[in-house]
Amino acid sequence: MKRIAVFPGSFDPVTKGHENIVRRSAPLFDELVVAIGVNADKKSYFPLDKRVEWLKIVFADLKNIRIDHYHGLTVDYCLKQNANYILRGLRTSADFEFERSVGQVNKMLYPQIENIFMLTRPEHTPINSSIVRDIHRNGGDISLFVPELVSGLIEAWQ
Amino acid sequence: MKRIAVFPGSFDPVTKGHENIVRRSAPLFDELVVAIGVNADKKSYFPLDKRVEWLKIVFADLKNIRIDHYHGLTVDYCLKQNANYILRGLRTSADFEFERSVGQVNKMLYPQIENIFMLTRPEHTPINSSIVRDIHRNGGDISLFVPELVSGLIEAWQ
Amino acid sequence: MKRIAVFPGSFDPVTKGHENIVRRSAPLFDELVVAIGVNADKKSYFPLDKRVEWLKIVFADLKNIRIDHYHGLTVDYCLKQNANYILRGLRTSADFEFERSVGQVNKMLYPQIENIFMLTRPEHTPINSSIVRDIHRNGGDISLFVPELVSGLIEAWQ
Amino acid sequence: MKRIAVFPGSFDPVTKGHENIVRRSAPLFDELVVAIGVNADKKSYFPLDKRVEWLKIVFADLKNIRIDHYHGLTVDYCLKQNANYILRGLRTSADFEFERSVGQVNKMLYPQIENIFMLTRPEHTPINSSIVRDIHRNGGDISLFVPELVSGLIEAWQ
Amino acid sequence: MKRIAVFPGSFDPVTKGHENIVRRSAPLFDELVVAIGVNADKKSYFPLDKRVEWLKIVFADLKNIRIDHYHGLTVDYCLKQNANYILRGLRTSADFEFERSVGQVNKMLYPQIENIFMLTRPEHTPINSSIVRDIHRNGGDISLFVPELVSGLIEAWQ
Amino acid sequence: MKRIAVFPGSFDPVTKGHENIVRRSAPLFDELVVAIGVNADKKSYFPLDKRVEWLKIVFADLKNIRIDHYHGLTVDYCLKQNANYILRGLRTSADFEFERSVGQVNKMLYPQIENIFMLTRPEHTPINSSIVRDIHRNGGDISLFVPELVSGLIEAWQ
């Protein structure tokens, strides 16, 4: 059976932490779909097309990575992709508590889908998209926190 | 002195976790009021009358349970009910930290009211109303997470 | 059915936190057994007879409190006492994680026994027997941390 | 080099916890700026001018305290004040996880600025501005939770 | 490159939680080594040969599972096995904090080895070997907590 | 009043995390005593004289740092040193919970002594002396985790 995983998130915007998790986990799967979950009720900071574009640039060199977006439940999207794994990065114990609830509920809904977790690197642990947006909104320097290849593009976006 | 407890919450909607906590704690109290706190500033997902109706159906077989709703502070409502106990379920350590702050502040306001906590069962630990709403909003199957007696009613509500 | 609870612990020594939890929860139960669990593999700092004596002095004024000690599993002891509740105090989220594991395992072993938790008061939150022993061992002043009635007795013990 | 610290927050409203942290840490610094961060996207409950006024009253007796407010990133404000320290109070482990992320990101942006943390006193641990606002909104008694000098002013504000 | 993982632990004794993690993760790897780490300084409760025997019985039906034991550092053992993954189960946030430290240190020592985490099922979350030993030591019923195939063997061991 | 701080610990052995905290906090105090607490009941892994020697080498370039050791309670030692501050580094929320209990108890014993906390850098967060000892005991490479100046000395010690 092919090992297909979905790495879901809002990637608003993609961070060095996201990039690192994807690069390190790519060899574990035959195919890895980096998928932006679109939440109709929650306005994103960066537009969807830009978030997709930046992900495509960041992971252009990886053969088994596909960029996509979806509406609705992550588990329903996984079924449509024939994905048997959901990949998530863990930074803090607050992350862990949240991921455990969502992951265990997903598992009850669709027992065939497994959640796989990887640790962020220590130096990426404090980075999250919400802090990056806050710095961007205030005109600060985000280049330390987002992938080098798209740092200028994200910074320039208004 | 009669042992009267209030089990406050938004029950938006009632979950199997709520049901289980109420059934297990009912024998500890002479009277247990399951009370929906109405927050004027925060729109609920399910309407108040439905949430009340579902609670009434779920606990119809328990003699010492009463369903109610209230505006304002939970402790003020307890005073009006002559309740000396606030009952809360604990699932995660994030829950615990939140409940501790609220419980200790309530205790400073009205030292005569005690907070009593019970653990959810392991299989109910990941379930919370917010996840149930998310599944409902996306047309998923919520029957694993809400009390059997009202599962169809909640699912049908639009 | 009578509401009988066991408050288990090593009480090595009893603290102001223990005292406060017992006094506040006593009205909730018809009978409350404060029971020292004797662990054959772990040497206590204060001898068992002293720990029993101090508990008896501290709670002498409470009619529905009994002091006892036991060997073996807490749940087995509860069965022998016809106790249907285990009472525990919660101070920190580390406490909570530990108590949740033990409590949920106990519940699987004997579903008829419920775990009931109460919050320590904020000013008792940092106090635990291990810190008190450390201060005692080094000749420090423990009177702020143990019940007034036995403070002198504990301090004098060598 | 002068030791200048910024104690940032929304102080919506100032609590006994804030007051206590500032009084205890004031001797550590040559100058301590209590600074209200104004967030354009998030409406405060109490108006800025009142929050400034209350802080000025509470700390009027302390020579090395200055009250101010700022827009934008806290670290940028610190640079403008020549501040080399950011002071924060820690109450719970949820606080800690949040502060660690923000503090470590700030440190990456401006390595010359250090984050200094102090513990709240046990009896102030459950108090936070959000709970105080909730009590105020519902006409409850907030005098236990805010500095004595401004308790009446805050209570009277509508 | 073959995906070889090590699932290290003391398995003192193996629990239903361990069994479940191994069965669910086995398809993700080409080979999975369940390896008992022998700590010279810490006496185990069950002897090594029994712990190995029980693991062999539990996983006899899985083709890509091998049972082994090792001395020294887990990462050194992984190198000798040509393993590029360390698999760990996560139950609580206390687990997570511990695993994060060990995992990130291992990653600094040998960047080529990745840590992969899976969630225990909710009903296995409270189970750990230490609680099982405590019940066994006191003659309690451990059959709910250890794999069915070896439950009798473990119970009979003295 | 002179700002004198004690940075207590077992430094068994000193890590890069310890070194970093001391270097960053040194400017905040007029004098900073790095003090090894000797616990009569707990055997250390490295001998006291070596631990003192390594600390002296690591901080030889810092004018306001003194290396010392003490028996008994940390707060009693602080009084003898006329120290008004205890400095501690925070890595994880488990650290925080522990430090909060100890710090708040110390504060009750001697209100004049304040606890000051600093964050470790992200890359030092997973490092602690216990993991370093474990690697050393097994002949692994500890040079990534201890200060460069003493790395060879610690590695060579048997």
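We call the chains A, B, C, D, E and F, going by the order they appear; numbering starts again at 1 in every chain.
The rule is simple: a contact is a pair of C-beta atoms (placed from the backbone, for glycine too) under 8 Å apart; a residue touches a chain by one contact, two chains touch by 3 or more.
From a predicted model like this one, the values you see are computed outputs, not experimental measurements.
Counting the residue numbers that touch the partner chain, chain B and chain C have more than half of them in common. With centres set at the average Cα position, the gap from chain B to chain F is 47 Å. Computed centre separation for the pair chain A/chain E is 29 angstrom, with centres defined by C-alpha atoms.
Distance between chain C and chain D, defined via averaged C-alpha coordinates, is recorded as 38 Å.
In chain C, the residues that reach two or more other chains under the touch definition are 92-94, 97, 100, 103-104, 122, 125-126. Every pair of chains meeting the contact definition is listed here: A-B, A-D, A-E, A-F, B-C, B-D, B-E, C-D, C-E, C-F, D-F, E-F. Residues of chain A touching chain B in their complex: 41, 72-73, 75-76, 93-94, 97-98, 100-105, 108-109. Those residues of chain C that touch chain B in the shared complex are 1, 3, 24-25, 27-28, 84-85, 90, 93, 96-97, 99-100, 103-104, 107, 114-119, 121-122. On the side of chain B, the complex with chain A involves touching residues 92-94, 125-128, 131, 134-135, 137-141, 144-145. On the side of chain A, the complex with chain F involves touching residues 92-93, 122-126.
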